[in-house]
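In the two complexes that follow, chain A is the common piece, with chain B as its partner first and chain C second.
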Partner chain A sequence: MIVALNEEVALAVALPMIMVLTQTIHSMRRGYRTSATARCIMQIAKLVAVPEEPSDGDIRRLRLRFSSSTLIDAAAFVSEHIYGEALYRLSFIVEECEIDHHLLKSIRRATTRQRRVKLLAKLSQLASVSVAAEYSEGYLDEPEQDIRTYATASLIMAHPERAIRYIARLRHNISLHDAAMFAQLMRRAGAPIAYTPLLTSKSRNLQLIGLYLCEHFSIVDAEPLLQQLCESEDATIAQTALFALCTIQGDITTPQVKRAVERLLPHQRDALIRHMVYSCYSLRSCANLLGREERLRFAQRLNSYKCQIVCN
Partner chain B sequence: MQLTSIILTSLLIVVLCCAILFAVEWHRAYNSLSVTPLLREGIGHIGVSVVVEYPSTTAPLFRLLEERYPRSEAIMVVDMQQHDSPFGTLIQQFRLVKVNHSHLKGVRALYRSRHRAYRRIVVIDLPATNRQYAAERGREVATYDYILYLQGESLIAHDAITYCANIIARHHDVPNLSLQSLVGATARLERASGAELGNRSNISSERVLAWGKRDLWPSLIAIFTPAIAVVASRLTGEKSLLAVAVAASLVLSVFLYVSTRVMTEKGLLVTLDTILRNFYRYLVRKVKNFNYLYKGSSWSVKSSAQRVPTMVLTKRDKTNLKQL
Partner chain C sequence: MKTDSFSPLFSLVRATKIAPFVTPYPIRISIFLETTNRNIGRLAYFWLGEGRYITNCTMKKIIIHSQNSDFGALIRGLLADIEAQFTITTSRAELIRACRASLCNLVLTDDARMFMNGSDTMEQIRHGNFLPQVFIFSHDLSEGSVTALLEVGVNQFMALPIMVERLRKKVNSIE
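On to the complex of A and B.
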């Protein structure tokens, strides 16, 4: 009995020990990879900071010391933090170390969707220093939404002047997060951003990007277009337009706005009340839009929020 | 004896199946989040209010002020009479002033900052005896539509708010997000007014958010559970129980494998403890959802955190209402 029990107890104790060992090995491997990436970033940053082009010896040293995946991570990180001439030097390093070549090969070989999306995101980061981004056009018709989104992102970085065309080509409805990401990429790549063609476009995705820009930069001149978009059949567009209108402190007493508010669900109305208080609207201006209890809630919130405070 | 062993074995098999499902869902969640690029600029109107209930130090507040996401605020629910020293100095430091709080039941005072740089700080002075109303009062004061609840000394991870806002913007159609942590303490992220939509939590939007102090004994129990099961199986002479115990150990190793993928600053024992705790919560939520869907019960909606804010009418409010 005791001998048999010992075997099983040994088994039961051994399993947690195996788990501990697995976890330790995994953590150590991860730690090593993180430190290698940090060292690689340091090396690339040093080469990029020097005004001269990197020598063949430097390039060879980089290729020998670091794996291709580490080089991809490090180059993507550095490219996001540099401007001007430094980008040209980085593009030279990317070309000589064949980082983009490795990246494209990995994208082609990736078996899972997540892996491909991650690599495409890396490609979009490297797009400003590599010609390989053009190859992502082949992924614009993939069935997976994320793959299409990140392929579009890398194309925007490669050809900022064609950004609107690429976004309009997307077949799925993008989220507000994607719209923000595209808008930020367009700004970084120096693409011309005009809100009027975006807001008047028939494409829902372009309208969403236009709304994001109006809200983010508080474009007061966009008020008439925002009023029109409040009546959009797309609920997300109508709601975002309403919030953008409040952010720019536009006129919310118009019939379009009233109809848009009536279409909102109760929890969306409550969110709008919070947003209107935050945007410094008075109770009088919102009185026609809200119900009896909502008006009271608005007044209480307004009193507790702004009353007696003078910001400096 | 036969019946007991059958019941026990089937129960363990059900738990194991749930554990595998849980591990798979977490793995998917982690994978989907790992491809989300972190946008630190404000994403539209989306913002997150963080309600910290009765912290004993000012560390949570300073951690929240480090957040770079612009549309966020820190609401500290404190009892000034108990923690007078740390928060008394804060009021001077951040130039906090008392504002109108007549609609907040049981609240002694409500403070906001006069200084534009600190407009993200809100302090609610609520007696500790009214602890049960802390979440509700925090929600009534919150500026943004999504609220992250933290307990006591829990500190959020760096960029946690930014992650929250990014996830909300990505899954904006989901009515009520529930963000939980696998290796950290669970932090609820709820819509301020999503009560009528029910408890439709979305496990695919989970992310490491917060952690707090943890005791070690549950982890020790977790590790030695297979050992106890093996011994019990030997004593009772049930071989099936032994097989299930070994399988349980294997599932635990799968848990650990998943946990290493989201490992942050945590030791092994604490990780295991919180994983098991989250697994328990996962089971409870599944049972609640089952009950809600098939029996039409709405008891999950009636929890204190998801109740619709109650209106407290003072005399002045009633006269205002008549005028409106």
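On to the complex of A and C.
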């Protein structure tokens, strides 16, 4: 019995120690990986910052010092945070270090959906600097929505002139976040974007991108089209059009806007109230759209901002 | 509140006042300050916090502050060839200590929130007659945020992604 007790005590002591040791090793490895990525980022940024092309010695040192996964993470981070001529020097580094080939190999070998999505997202950041993005065309017909989305993103960066075609090809409805991502990639890649064809398009995804652009750039001329889209059958499009109209301080006393506001859910109406106050609408201009309690909430929020509002 | 494993050591050294006798040669502190290893960097800031080991060199002193060590490393790498003494900080307390210790010329940071909501971070960075310039990097381009930052006293608001040539030109023009 004493022997059995001793065994139990030993187990009770050993198990927590093993857990603590495992966690310590895990956090040390994660810390090492994090600091290795930071060091790699610093080295790549140093090479990218100078106007001359990196020498063979610099590239060789980079390849010897860091693993391919660290190089991929670092190159994607640098590519995401810079633009201009430095991106062309980064493309040289990516080609010489074969970062795009390592990335493609990793995508093919990825066994889980999350890993593949993560790697495709990195490819979309690097795609402006590599031709490997063409391989992501094969992922456009995958059953997973995330994979299709990020494959489209990497293709947009590689071929910005075909962005509209790739987005229209998507089989699922994208979210506002995805629309914002595509719009930013199109701008970054230098694709010419006109809002009118996007807003008048039959594709719901393209309309969403057009709405994001109108809101982001406060395109006042788009007001008539936004008023029309407030009556869209798609709830997301109608709500986004309403918010975009408020951002550009358009006329919200029209019947289309009134009908669109009536279709909103209570939490969406609260969000709209906040947005209207932030867009500097007066209570008088919104009185027809809101109920009694909503008007009180609007007035309270307005007073909390302590600003003088001119009636629209 | 996070537990700080270095605090007892710092308190002991401060109490015994051994820092003046064991500090390394001042110029070497810059090597520790540039490390992305957080604990070594904190140890270096501690020595600097004693106020006696500031280098007397006439180079520009630039502090790069970011809670994301990757971003700090990126900015440091982009400014590699510039003649300046760099300090990388990862927390606001370290930033304030480094500002007070090294009398820097320029603070580069991506943490816009530390200047918002009525905080006195800018007063702590700019103390007495000492007025370093502050550049902020941010994705948030809304008019309200940019105006608020400029009103607080930020000298330059730089949108992300960064144009490398423009950043280097602006940093080089700092006196």
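Throughout what follows, the second predicted complex is superposed on the first by the 296 of 312 C-alpha atoms of A that agree within 3 Å, B and C clash if a C-alpha of one lies under 4 Å from a C-alpha of the other, contacts with A are read in each partner's own complex, and residues count from 1 in each chain.
Criterion: a residue touches a chain if its C-beta (ideal position, glycine included) is under 8 Å from a C-beta of that chain, and two chains touch if they have at least 3 such contacts.
Remember, predicted model here, so these are calculated numbers, not experimental data.
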**OP:** Considering only the touch criterion stated at the top, classify A:Arg292 as touching first (chain B), second (chain C), both, or neither.
**Re:** first
Original post:
Which one hits more chain A residues, chain B or chain C?
Top reply: B
Original post:
Which partner does A:Thr247 reach: the first (chain B), the second (chain C), both, or neither?
Top reply: first
Original post:
Looking at the overlay, does A:Val117 come into contact with chain B only (first), chain C only (second), both, or neither?
Top reply: first
Original post:
Intersection of chain A residues contacting chain B with those contacting chain C?
Top reply: none
Original post:
If you look only at chain A, which of its residues touch chain C in the complex?
Top reply: 34-35, 37-39, 41-46, 48-50, 77-78, 80-86, 188
**OP:** Could you pull out which chain A residues touch chain B in their complex?
**Re:** 4-5, 8-9, 11-13, 15-16, 18-20, 22-23, 26-27, 30, 114, 117-118, 121, 146, 150, 175-178, 180-181, 184, 211-212, 215-216, 236, 240, 243-244, 246-247, 266-267, 270-271, 274-275, 277-278, 283, 287, 292-293, 295-297, 299-300, 303-305, 307-312
Original post:
chain A touches which residues of chain B in the complex?
Top reply: 31-32, 34-37, 39, 41-46, 97-104, 110, 112, 114-116, 119, 141-145, 166, 169-173, 175, 191-197, 223-224, 226-227, 229-231, 233-234, 242, 245-246, 249-250, 252-253, 256-257, 259-260, 263, 268, 309, 311, 313, 317, 320-321, 324
Subject >> Of chain C, residues touching chain A in the complex >> reply: 36-37, 69-81, 160-165, 168
